[in-house]
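Next come two complexes built around chain A: one with chain B, the other with chain C.
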Partner chain A sequence: MLAVENTKCECGHQNAVGTVLCESCGKPLDAALQQSSEPLEMRYDGVARRSQKSNPAIIDRIWNFFSSVKIAIYLIVVTFVTAMLGTIYPQESSFINSFDATTYYEENYGTPGKIYYELGLSHTYESWWFIGLLVMIGTSLVICSLDRVLPLYRALQKQQIRKHHQFILRQKTVYRSEIAGDPKEWVEKFGAQLKRKGYKLHFEEGTGTALLAEKNRFSRWGPYINHIGLILFLLAVLARSIPGWQMDSYVSVPDGDTVPIAGTNYYVKSEKFNVEFYTDDELPEELKGTARAKKYETQAVLYKCVANCDDPLKEPELEEVMDHNIIVNDPLVYKGLKLYQFDFNLTPRLNAVSPILEDKRTGEIYGPFYLPMKNPELKHQLGPFTLEIRANYMEFALDSEGKPTTLSREPNAPAFIFSVKGPGLAEEGEPYIYFPMQKDKVKFAQDTINRELAGKIEIRVDGMENVDFSEATTHLNVRMDKALPYLWVGAVFSMVGLILGSYWQHRRIWLRVDGTELALGAHTNKNWFGMRSDVAGALKKIGVEIDPKTLDNGGNNA
Partner chain B sequence: MGKSRKTIQIVILFAVLLLGGYAIWAALFGGDDAGRPEAGGEPPSFTLADTAGGVQSLSDYEGQPVVINFWGSFCEPCVKEMPEFERQYEKWKDRGLAILAINLSEDTLTVNNFVSRFDLSYPILRDVDRKIERQYGLRQYPTTFFVKPDGTIMEVVVGGMLESDINERVERLLEL
Partner chain C sequence: MSLVEFSGDVFLVAFFLYCFSFLFYVIAVTGKRWSGREPREHERRWGKIAFVVSLAGLAAHLAFFFTRWAGSGQIPTSNMYEFMTFLAMAIMIAFTIVFAIYRKPLLGMFAVPLTIIIVAYASVFPSEVQPLIPALESIWLKVHVTTAALGEAFFAVGFAAGLMYLLRVIDFKDTSKSGRKAQRWVEFTLYTILVIVGFLIAVFAFRGAGYEATFTQEKLVIDSQGQQQDVKETVHYYLPPIVKPYNSQAESVEPFLGLDKPLLEAPSWMNGVNAGRKLNTVVWSIIAGTLLYGLLRLLFRKPLGAVIHPALEGVNPEDLDEISYRAIVIGFPVFTLGALIFAMIWAEKAWGRFWGWDPKEVWALITWLYYSAYLHFRLSRGWQGLPSAWLAVIGFVIVLFTLIGVNLIIAGLHSYAGV
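What follows is the complex of A and B.
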């Protein structure tokens, strides 16, 4: 150990390294500071920060780094700047439909967009370095607060009543005069006036000629309560990365379908999607003739999977947990899971038909039989006829080799190839192609393909009541945010702390009478005008008339 | 007092390291569900029914080189690839190569017709409601994941491949 700073005050109190004003009598410890006559810096009552040490080890160095308010401010500024950069172009996470980020930014915003993407700013808020900054701010918040609040608490808990003259007379509000009469009585009288203003009084024991009057000390804890709130807030934000805590995804549900909600154990069914449009009478001139949605609503049912959820061989067993008509701003809410109306699509989708088979030679009609577009029954017995489905196509087309194929997996232009057996038909069955939709029947010339069989039998749907289709598809936004209540708690703490610190001020008045000589100093953290008028007001009540302005000892106080 | 201060310091720094480390780690490697797993990453696990009435999991093939191919009968380049995969499977299966062809949530008849038309002998798995497809973040078909025996992805190929392309990658997988 080399030179150890002398931290012992003349009053005999041993102070910690880094102490500015003696913890006991308040005398400045630094020689240069003792010579000056400037008002004292009263921050944290001049006590040392907790972590200040004469020879720091590695842990202390890390600790001191985060304990620095300067570092904290740099961290906050850097975070703000990067957060701002993140708002220049849309973030990748704001795109619902799959898009290719590698080309999107360059195509839409040119070279700046490319640079933006290359720098990783297109996913600023999820990037490791941004999270890292938040973590560092959080660390800094905890350590800065802890390092200051504990010494401050101790300093305010055991305050010396009789302060050094240098301490009292170098406050920013000072009063000095000669008093007549018994000093003890004077102090008591003055104290009684302060008490009426809400001050708590501490007289020096024995002599009664020194006084500490103090009010609203609790406001000093405001910033720390605020910090606790911010830490809770940050922890809640970080908790969102815990699997299952937050989701924001989309699910499309055609009318009548039950669709699993990815990442959860829930399924959602849309009984029916309804949309109402404004009539022309309700629209302003420039919008007449356009389709403007007035209301859209999904009659949704939420199911929970209770068995066979992950067994690929079995159908999952669902249990209804809730039903709700979802409209804009009125989501289905179940145990933190929220389903919002997001969008819709009015393209109908064919689900199933119930066609009949007509024997054209006799005019006899057989059926109807149920034919869903997906996973139909493969064999149907209709009177003397046997229908076997040989192939099905969702969107029928011919491939480059002229073979039938499907262009998609959605039933946009469905087709079935049956093998038909029955009276007057070949023993091994004759192929018959069937297009449930009239437009496809014409487009692909069903009768021509089926050749002479088309003259013998016909499979067709009689009437719309034999057609099952979804009129619309609803798009729902699935949201879950378990961190939200904690965010609220954090925000409330933060606000309470802010109010405590802003609307009250910690005011203290020290005075000592030595013989006939009165020295009075007062300190607050803001509203010095109020501080001075408190002192002047109390003095006036005991017959000392002074202009509050004369109490100002300099130091740029409002 | 000095000792308890040190303990508090260590406890707090440790907590920060733990929480912050987790958060940063999650930002780096986790939470990327929507995206497609890339080379070097691990393919999401799955358990699916096959066309033979059994159940197959990716974990059944631990320690083996695996080719995971997503296909649909509606996707012409996928269809072209299937016989190529069949030939590659016949060629390399004795060396431990596994091919898992995951159908893109089509219906049973479509899949069965397809499999019998090409006489495929490697496992054809049935995705339902696009679940696994979403987990793999697919955007275009076909997409093929070449998975090394250590369980990490060697390469992701989007689009159809020639048989020579498949052969070359399988040889790399088998470290020939």
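What follows is the complex of A and C.
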């Protein structure tokens, strides 16, 4: 048979199972606790928490598990220890370039590296168990808080003023003495002093010889507000895995180009990328001669596509929505879309040339004609000559069979093969290969390839004014993160809670006078030093000089 | 004289004032039992003198900070020298606040030397003003670094009080197993502090003597195009090389006590900038610290803990426990704000992500989780007093690792702060 615990206090109050101190008069309910004279454990004012229910069912058991502060501490400790392990070697996510994780760790760090990789520590923070730990901490936050805050709220709502002697005299701060004169007057005088220190006073109705003085109760809610903030924060972090909530990609924009931002309806143009370095005059001795960057800046313009966006055959219609000079620490921000200065490349890129055609036999010059690297016109008429583009290559190379091929789609070594028709040339046209860049012309021996045609005509660029190139390419990081506002709200809650809970303390003083006998007990959740000086200060004001230290009744600084 | 030069001079003044203040705190605490003195009166008087001198030191330190700021046009918190001087100043501010609450001169005897050590440590790094790189060009440099350092400074004061608690309560006459264990660990903590002092002595002694050795190190670097490149770097040593950089050749090594070539090579997995030199410095620090510890043991002929212990008699350990707890409680929200929230705001502004699991970020989180565990432990029965004091001491080790260790051992986005 189950033993039925008697939870009714001698004052007549019926307490819930698990209550340590009577919710009404504060007398310890447990017989063993009644015998002892040790200071009382005042956590949550000794009220029963939900987790202390009798006959726990399965839900209660889970609840009980997560409601334990001990479990919460274990979770925190395990989390920070695993987080430490994750910093031993670089995480996979810290590599921007593609690399082979299966071999990288072993090659670079030997056997420990291999073990590190095999254990999954090379991606600690994305692993299911680490995220699981965070989720468990979140659960613990919710349950621990609910388990305590509701009973605590109830207990603080209905505090009795005249407490049991056992309760008062077993506080951590206690004062006991005989008083002369009218007790009611004494209590009023003492109360007035506490009131000046910001305490709210509650005198026992009728007699006026018992007092509860209380201040800063709100600070008790600090930890719970903090926990709400942390939960919001964690939820916001988890929400980032909802598709479409966040975006993280990169675009490369050569000077003057307009490039679509994948996954959005936007285009970005880089008017110009600038990098500035400190001059030697600005640098201290040991840094002179080093290229210390001063500023990276992309003069960016953001466009929105308004028509023909998905039709590859038509030019999209763009509308400018914003222009901004993107520098480090100052991204372009437009309706949640953010463009960050990420990297740059100072290799110039050829955009277009305007070459001329010389008839070497007569010395006549025709042209110039405009020849962009991308999407050039296929046919050019230059005086009596006709040029037709047969093929063009962005990064010209010869494959293993000696056939021309292109290595990439970037104009790093462009080449054009024209079919040239004109006076003194074959009727069906003669092939002519043209390398716009001097280095390629030499490297691939343009004149040798073109054979005798090279002696008849030449296509070349006269002067730099006929060359159009981008000096630099900027790399921008494109970001979107819809969870951010929630995250900041969580952070604000958390901070407010921390401040309320840390910089104010809930202080309560109970006193009762029975005849000439004064019993005073005081409790705070933090800062006993301040609690004692409040009591000693108020006593001093009414003529009782004591050293605050003598109020200390032992026990722990919780 | 430029403002920056002037700031260097007042910094020196601050350093000496701190040293004097430490001396006066020692007199205030240990002089109580000198003959012909009224202990309370003595402590009150000398405690006051010491506090005023430490305040003067702080004033000089603040003058250093603001004149350097005005002279260089940028807040002096952007490299290791500047950050460490700022941290030392923050510790003095935190100490002043906690002292104003509790008025225990004893706290000064432990917090002020901590400041002195950090000031000396700062002076190891080059003190020239370095113009800001674009990543640091932000209002958040001011906000994030200063608040984070202030939070950490309160943890430092919590550490000082925790260490005092340990020295106060651990019974050096106890010969039981657990008693010996506690004594050993306190002794080890003191030894660790001496290793740091040893480091300072080694660095300044060899710097005074103008010692130098040079190595060329070959490194494989993978550039942005994914190409492997062999890069040759010259590494200068200012302490005799016991450990040479990984994969390096000696260019010139001044002989020191017959040591004319390195004895060992740094392991390849040490990633940070100049990892070999740093490892060499660590080895030297341990040697110097051990020598120093040995000398002190010879001098006193008993464990150092037992030497300090009597000075703390008469101090209420509960007060120390509460001061340590209180300092951490005050510091925790400041740390949260500075090292996590402001850091996230800045990271979001600079890199487009509020969190990236960069080692420095992870360690800030570890510090935060550690202290939140501490705060929850305080709610549990049996964790006040001795266990709490140990937690406060270990916590500060984690703080120091976050601030310095991460830069020395692990490379990451914050590596610009390493020297």
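Operating definition for what follows: the second predicted complex is superposed on the first by the 445 of 558 C-alpha atoms of A that agree within 3 Å, B and C clash if a C-alpha of one lies under 4 Å from a C-alpha of the other, contacts with A are read in each partner's own complex, and residues count from 1 in each chain.
By our rule, a contact is a pair of C-beta atoms (placed from the backbone, for glycine too) under 8 Å apart; a residue touches a chain by one contact, two chains touch by 3 or more.
Because the structure is predicted, anything quoted here is derived from the model rather than measured.
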Chain B versus chain C as contact partner of A:Glu395, first or second or both or neither: first
Greater chain A contact set [chain C / chain B]: C
Touching partner for A:Ser127 - first (chain B), second (chain C), both, neither: first
Touched partner set for A:Leu235, first chain B, second chain C, both or neither: first
Partner chain(s) touched by A:Val142 [first = chain B, second = chain C, both, neither]: first
Partner chain(s) touched by A:Asp323 [first = chain B, second = chain C, both, neither]: neither
First (chain B), second (chain C), both or neither touched by A:Leu287: second
Partner chain in contact with A:Pro331 - chain B first, chain C second, else both or neither: second
Residues on chain A lying within both footprints (that of chain B and that of chain C): 98
List of chain C residues in touch with chain A within their complex: 101-102, 126, 128-131, 133-135, 137-138, 140, 222, 224, 226, 268-269, 271, 316, 318-319, 321-322, 325-326, 329-330, 332-333, 336-337, 341, 344, 348-354, 356-359, 362-363, 365-366, 369-370, 372-373, 376-381, 384-385, 406, 410-412
Of chain A, residues touching chain C in the complex: 41, 43, 69-70, 72-73, 76-77, 79-80, 83-84, 86-87, 89-91, 93-94, 97-98, 108-110, 112-113, 125, 248, 278, 282-287, 292-296, 327-331, 338, 340-341, 343, 345, 477, 479, 481, 484, 487, 491, 494-495, 498-499, 502-503, 526-529, 549, 552, 556-558
Residue numbers on chain A that touch chain B, as the complex places them: 50-51, 59-60, 62-63, 98, 100, 126-128, 130-132, 134-136, 138-139, 142-143, 146, 235, 238, 241, 243, 259-260, 262-263, 310-313, 374-376, 378, 389-395, 399-400, 405-409
Contacting residues of chain B [partner chain A, same complex]: 5-6, 8-10, 12-13, 16, 19-20, 22-24, 26-28, 30-31, 33, 47-49, 53, 55, 72-74, 76, 79, 104-110, 113, 126, 128-129, 131, 134-135, 137, 139
